[in-house]
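All chains are identified by letter, namely A, B and C, in their written order; residue positions are counted from 1 within each chain.
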Amino acid sequence: MNRTKHRTAGELAAYLGAHVEGDANLPLRGVNSPEGAGPEDLIYVDAPKHLRRAGQSAARCALVAREAQLPGKTLLRTDNPKLAFARAAAWLLAPVRVAEGLHPTAVIAASARLAAGVAVGPYAVIEESVAIGEGTQIGAFCFLGRGSRVGEACVLHPRVTLYPGVRLGKRVVVHSGAVIGSDGFGYVFAGEGYEKFPQIGGIEIDDDVEIGANATLDRGSLGSTRIGTGTKLDNLVHVAHNVTIGEHTVIAAQTGISGSCTIGRRVVLGGQVGIADHCRLEDGCIVGAQAGVPTGKTIRSGQFVWGTPARPMETFKELHGLVARLPDLFARLKKIEAGLGR
Amino acid sequence: MNRTKHRTAGELAAYLGAHVEGDANLPLRGVNSPEGAGPEDLIYVDAPKHLRRAGQSAARCALVAREAQLPGKTLLRTDNPKLAFARAAAWLLAPVRVAEGLHPTAVIAASARLAAGVAVGPYAVIEESVAIGEGTQIGAFCFLGRGSRVGEACVLHPRVTLYPGVRLGKRVVVHSGAVIGSDGFGYVFAGEGYEKFPQIGGIEIDDDVEIGANATLDRGSLGSTRIGTGTKLDNLVHVAHNVTIGEHTVIAAQTGISGSCTIGRRVVLGGQVGIADHCRLEDGCIVGAQAGVPTGKTIRSGQFVWGTPARPMETFKELHGLVARLPDLFARLKKIEAGLGR
Amino acid sequence: MNRTKHRTAGELAAYLGAHVEGDANLPLRGVNSPEGAGPEDLIYVDAPKHLRRAGQSAARCALVAREAQLPGKTLLRTDNPKLAFARAAAWLLAPVRVAEGLHPTAVIAASARLAAGVAVGPYAVIEESVAIGEGTQIGAFCFLGRGSRVGEACVLHPRVTLYPGVRLGKRVVVHSGAVIGSDGFGYVFAGEGYEKFPQIGGIEIDDDVEIGANATLDRGSLGSTRIGTGTKLDNLVHVAHNVTIGEHTVIAAQTGISGSCTIGRRVVLGGQVGIADHCRLEDGCIVGAQAGVPTGKTIRSGQFVWGTPARPMETFKELHGLVARLPDLFARLKKIEAGLGR
């Protein structure tokens, strides 16, 4: 259903800067996997092991590496076929539409400022003093609390909550069920029970961030929570109050980042990772899935850690292997003891 | 409030194929625990240790095993009292209703096809070309994206999101806040930042699946995500793009399954389990709570694994026990070294 | 935007029972961090290391401990500056408003009873026989299933689901996306597939509980799920059917508690903790982040445990340290064996 533009292999090659081998007039309407593709779908091959699948595909046009052999297809040669495929898809396919125009059931405060081309779906609620940038789409059931600001060309899928005062940059994509700007989890113990510490700070999401379904991002208690440009958060990720995340960082599903952590640029966090409060993860570090980083720890730039509490990956693997040899170790020790007459 | 039918112990026994001992005319209106039951509630006992609780209950009728002794009650004897109790509850209690008729506030596209007996709650949004099968109930605030298809006798509790093109089979139950068909988490690194890999595949949920509150299930990137018949997903479970899950598999809360995994039939995943990408879990395997299966691993049919990275349960337990003996091991080694004059 | 009341340092000191040093007429409008504060914001210092930051702040008034030195500021001295700061914020700032009046788009059943001062936001749905206490605010898109009861002075942020029959006490705060009263995850295996065990119990949330964004709390299967007074649940927490949680317990983000667990008073659970079914966590115990407590275990009052399966913290740390010495251990063993001529 996304296929609305009709292009040729030659036009696509020109757009991508790829080299055509074969029929430059071949029509292209979409992209697909080798198995799912029809004759007007583009496919790609980024490893020799997939050439066979590609060869058997109904697709007539494939993005391939410089030296790949794939007889009988029109080939678009490029250094990075997967990246070129991603760009080809964005170019060939109609962009996502989650709303058209301003739906009459949307409740839009008089003081809200909507730029040209903003679309708002049914039953969205946009409170006072909200500002929405040009071309942004707000899906059904979205709630934009008072004073929140959304940049241009954003897509809020149906049922996203922005608490008051949240700020999103440009081209931010937020998936269904995500909650941005909820109160941080901060209390002060008062002898018997807990009293709420103020959760009145802000939250700023920079350009080109994507936020997964049912993710939760808390506002700062005092000060702000910040997500840097180009960072991607998967479904059900939790970001606590006053966290700062740098640019182009990737955080897989169900990972949680506790209060006041600083995560650098180009960091990679696997799924279900837990980062305790006040940690510092430097640029380019990697935390393996399910690892846990204890309170206040620093992970150095470029380090790759795993386990709870997290250790350098090489150490983790060595120790994990040695633990597996413990039965042998105990047996050997017993033998020595026996030999020594104990 | 669920108690609307008035039946007798004899009628229930006939329905269940159970053997009545006592008053077959005893009226039954509901089911409950021994402690919560009133005189017209059915209880069950599936282990001798619960006979005492049952004996003290106000309930007058109990489902029990063939040999159980429970004086003073009307007994319905059966091989599997718990299963019979579940069936009795479904038979005695009024079915769940999350909507009645078509609420006037529901926004239903002209091209949507609703079969007989479909009920749609307030403020639901049903986009173009959606098809909904007979007797299905769509709760308040549900969003059914264009082209999505829902089979007959489904229940979508309030506030479920189906992205465009999602397919649900028959008798599927989806709990509040679940998101089905969101974009997979797939990007291509492009030197500086990440570009989105197309997430345009489908997602197909077969018959009798139940999906928990705030669970997230992504569509395929290319190709489809598939959930087999009878599979049950608990709250906050995450299923990534292009995952295939077989029939009658059970996945406990907060478990996450990464992209392109294949999970077999009758698999059991505990809570907070993490399965990395491209794993294969064969039929009938079991993964203990919080275990982590690393990228590309296979868990064999019938295997039971635990830990991160996951090991066979017996090995895990043995090693866990030996780790606990490390202080003794270090002490013994030191003693040997001392004896050898080191 | 929260700053609406204008008070003086002296008035605040009187309210808090603090001792003023300096200008009691200093006006106060809000609270902030030392860095974010303007001249009419209150700050606090709860440790000597923060005195420097406070000294450089534009704030003119600070809550400090009895002996703290902070020249040039008006000081409010108190035993617990952070707690006093929390109370000062609650006193100075306008309370949260998520709704005003009864929005005309709200769907409110005729049989629902709303006390004085109840506010209901746009597109909320309140079913039959719901009762809402005085001054409670119901945000946009909230769904209150039939027969649910919400006490006085509660705040339901936008998009909260209460299944039918849910009971909330007074001053309960529920964040966006939370689901309360969904079906528990209970099935009976029936040879081929699973049949649903009845999930018809209740759920009772006591006074002063706060529930985080996208958290899920299941109703009891038979009997009830119960959350005690003053307990705080962070985002994405999962509470299964028939769990009982005591008073003033704190549960960090993404933690999951399986069916039929009993959690005591003043328990602290870190983030991503997993508690398997039928566990008993006694009053005042602490479970470290990501720890896992296996089925049926008891954690004693005051114990602090970590790891999966959870061990006493001291044991966990000792063993974790010894595992790190395994390379040395293996080397020493080899040396002994060599010396013994093996």
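Simple rule for what comes next: a contact is a pair of C-beta atoms (placed from the backbone, for glycine too) under 8 Å apart; a residue touches a chain by one contact, two chains touch by 3 or more.
This structure is a prediction, so every number in the text was calculated from the model and none was measured.
In this structure chain A contacts its sequence twin chain C using mostly different residue numbers, the overlap staying below half. Its C-alpha atoms fitted onto chain B, chain A is found rotated by 120°, rounded in steps of 5.
Separating the centre of chain A from that of chain C, both taken as means of CA atoms, is a distance of 27 Å. The residues of chain C that reach two or more other chains are 123, 141, 159, 177, 214, 236, 254, 272, 290, 323, 329, 333, 336, listed in rising order.
On chain C, the positions that touch chain A within their shared complex are 1-2, 31-33, 35-36, 80, 82-83, 85-87, 89-90, 93, 103, 105, 121-123, 139-141, 157-159, 173, 175-177, 208, 210, 212-214, 229-230, 232, 234-236, 247-248, 250, 252-254, 270-272, 289-290, 307, 320, 323-324, 326-327, 329-330, 333, 336-337, 340. Looking at the complex, you find that chain C touches chain B at residues 107, 123, 125, 141, 143, 145-147, 159, 161, 163-165, 177, 179, 182-183, 185, 187-190, 192-198, 200-201, 214, 216, 218, 222-223, 236, 238, 240, 254, 256, 258, 272, 274, 276, 290, 292, 294, 308-309, 311, 315, 318-319, 322-323, 325, 329, 332-333, 336, 339.
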